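Next up: the structures, one after another.
Heads up, the next two complexes both have subunit A, just with different partners, subunit B and then subunit C.
So, the complex of A and B:
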């Protein structure tokens, strides 16, 4: 049980700044997900916390203790790797015991912890097998088990689910969540999958280009993206980002009460409607360019005059529309996200 | 597994295509080997006029002859020493190079050079360095109070040929070890570091076991090398002496056959050597095919 504090953490590779000063506090028992596109520095950040990567400047504190110069072994953390990194020449039991043996844990204690972990993860029957005899999901469990038996201050997850197939990924995601809730171990979790990030996180850290763009609960981040990058990155299909100039004028003047520095307007696909809502509404007319049925809902691509990209909106069910139809779409004023192109920041930030 | 099959329209064509390889094998390998087996059952008079078929007498004599048993022992000592020395040094160098990030290609290239040197030249090189009269090594050893003269001291002669033979083989082993080390995923090392294992422990508990297929392969190759490919080196340095101290099997085959002109005994010795090669190869295939499983 511990907190993790990152204070102005930086990492340079030669002239390349991979992490440009990150401040973050992970509360005791919290699961924080670092999410961002590849190359945003999220993995580097995690590896610095693990002690696998040196720190250029800044501090890392685990449980209030500065660990920047500590060896990985001295940090009391456990890590789950993307490729699991199971020791191929050891049995599952050997894999689980290795870290405990290295620390001189008494035999009885090792057996108890291995048994506990095997029960929790339901890998009891696999204990005598070698990693190559296991399926992807089973290997994943063993990797988790190796972290659990250590009973560390913090878990670090480096894209642990990205080698699994889609179905198994959802299942393991739920299991990781359940396990973390049960053990209440402080966790840092790196992923590029935003669905994984949204569903797992107590709080999300969205990173881009070595910097933190926004920290917040998944719902906060979704409802009030702090920057243009976050707006475009979180949400599927992504938020429509439209030049403000192409919307103003006519009947939209009332609904669009934008500050002078707003030049981009963001609209979530699921917050656009085909029927006019009560009160003020942003009104857009356009032609249906493409209709994508995705099962329970459909994605409509609508071309609006004055914009380059078609606007995407999510409609429940299967609307009776055809490509080429002219339609009008509406958005409530509170669902309009104003941004400034230059700074990338939200302009109505409180 | 499905294998590729080619159907030839002409029935003779496949045989014609195989013929050159078969001819080379038959003329240069099978025929001499068969001759050796035949000669090993015969005794030839000193002038080569008459050969008598004597069944296994060459073999029975061989194994009751102290000189041959001595040679067997020396071969074992030589092969084991060369294998251990060259493999351990090569592993040490490979681990060191694997840790160097920059310029490890340069080191690798430089370390491979000795392999390109012919065994006889290697022999002469070390013979010069350890020459009791003019060599640099005896001069320095004298400073340490060691009187080096491998011409009279059998143990020193053995040390000399072991060093020379190992030096050449280190390059070869090094290459394989470097390749083996590079195929051990970095994340295993990292996982072990987090699991609380120091660098030394990580090497012995994680990296070394994962190298076992490479190590096993090299073990066989090195024993083979020490037993069969070192003739030129022995010939250039010690000629099997002093007093048979470095007279390993392959050198004895040559000495008895071509210097002593005892063709029958020499042939019997080479047949024994042949059997040893076959045994080693069989072991190699049996284990390498299955790999050292992990």
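So, the complex of A and C:
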């Protein structure tokens, strides 16, 4: 049980700045997900916390103790790797025990912890097998088991689910969440999958280009993206980003109360409607360019005059529309996200 | 490829059989010769069936040798050869494992240079540097000793290179996981890397054992004391007797004895050997 504090953490590879000064506090027992596109520095950040990567400048504190110069083994952390990194020649039991043995844990204690971990993860019958005799999901469990038996101050997950197939990924995601709730161990979790990020996180850290773009609960990040990047990155289909100039004028003036520095307007696909809501509404007319049924809902691509990209909106069920139809779509004023193109920041930040 | 062409299958078998005969016949002849009396091979008509003197010939060679040719009993030479082959194989493997480990897993100044220097020694096999090496060994007073026989043959670029290639295929995460698990560099080497290299080590042992066993030129140069003769060079001494016909039956008995250990090593380590060359356990 511990907090993790990152204070102005930086990492350079030669002239390339991979991490450009990150400040973050992970509360005790909290699960923080680092999410961002590849190359945004999230894995580097995690590896610095693990001690597998040296720190260019800044401090890392685990449980209030500065660990920048400590070896990974001295940091009281456990890490789950993307490819599991199980020792191929050791049995599952051997894999679980190895770290404890190196620490000189008494035999009885090792046996108890391995048994506990095996019970929690339901890998008891697999203990004597070799990793190559296990399926992907089972290997994943063993990798988690190896972290659990250590009873560390913090778990570090480096894209642990990206080698699993889609179905198993959902299942393991739920299990990781359940496990983390149960053990209440402070965790840092790196992923590029935003669905994983949204569902797992107590708080999300969205990273881009070595910088933190926004820190907040998944709902906060979804409802009030702080920057244009976050707006475009979180949410699927992504938020529609439209030049403000192409919307203003006419009857939209009342709904669209924008500050002077707003030049981009963001609209979530699921917050656009085909029926006029009560009160003020942003009104857009356009032609249906493409209709994508995805089962329970449909994605409509609508071309609005004055914009390059078609606007995407999600509609429940299957609307009786055809490609080429002219329609009007509406958005509530509170669902309009104003941004400034130059700074990339939200302009109505409170 | 599944094909049903009788004449093709006949032809391929014929070629293979001819090949086997070409290789096996001299060995067979050596065996036959080793079972006959001393004069039998001088009569001009080479016997093709085993004779009655097998135990006698082998017994004599193992216990007495041929004193007129200055050769000690074959048992001593076999022992020498075994010691030398094992020391060379084990020494080469130990040194190359460690140097490959250093080159792959540690970052130190001039790492690449170190690798290339090792690599370049591939161009300098024993035969090329034999005179200077002899001078060094002689000046160190290592003539007629096991150290002198083995040490110059131990440094090995081939084995280092092989282990380097294998270590490069070991995922970095494995080392990182071990670091998080509290294993230092030597512990990682012993607990993880060594067990993973098991099949490679076995394969290399077979190759290097035979390499050490068949060394001829070097033992010939550095040994003058018959107590340090190896069997491969000893055979040459047996055959080159002055002023008399070579005792072919006895020479051939030594030849068969000399062939046995490498064959046994290959047979008993074949499973590991093939596995090591074909797949890596990952």
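Operating definition for what follows: the second predicted complex is superposed on the first by the 350 of 350 C-alpha atoms of A that agree within 3 Å, B and C clash if a C-alpha of one lies under 4 Å from a C-alpha of the other, contacts with A are read in each partner's own complex, and residues count from 1 in each chain.
Methods note: a residue touches a chain if its C-beta (ideal position, glycine included) is under 8 Å from a C-beta of that chain, and two chains touch if they have at least 3 such contacts.
The structure displayed is predicted, hence computed values, not measured ones.
Enquirer: Could you check whether subunit B and subunit C clash or fit when both are placed on subunit A?
Expert: clash
Enquirer: Quick one: is A:179 in contact with subunit B, with subunit C, with both, or with neither? Answer first, second, both or neither.
Expert: Touch status of A:179: no partner.
Enquirer: Applying the document's definition of touch, where does A:34 land relative to subunit B and subunit C: first, second, both, or neither?
Expert: After superposing on A, A:34 lies clear of both subunit B and subunit C.
Enquirer: Going by the contact rule set out at the top, does A:71 touch subunit B (first), subunit C (second), both, or neither?
Expert: both
Enquirer: For subunit A, give the residues common to its interface with subunit B and its interface with subunit C.
Expert: 50-52, 71-73, 77-79, 81-83, 85, 87-89, 98-99, 102-103, 132, 146
Enquirer: Which of the residues in subunit B end up touching subunit A in this complex?
Expert: Going through subunit B, the ones touching subunit A are 185, 187-188, 190-198, 201, 205-206, 209-210, 212, 294.
Enquirer: For subunit A, which residues count as touching subunit C in their complex?
Expert: 50-52, 71-73, 77-79, 81-83, 85-89, 98-99, 102-103, 132, 146
Enquirer: Please name which positions on subunit C make contact with subunit A in the complex.
Expert: Per the touch definition, subunit C meets subunit A at residues 171, 173-174, 176-183, 187, 191-192, 195-196, 198, 281-282.
Enquirer: In their shared complex, at which residues does subunit A touch subunit B?
Expert: 50-52, 71-73, 77-79, 81-83, 85, 87-89, 98-99, 102-103, 130, 132, 146, 150
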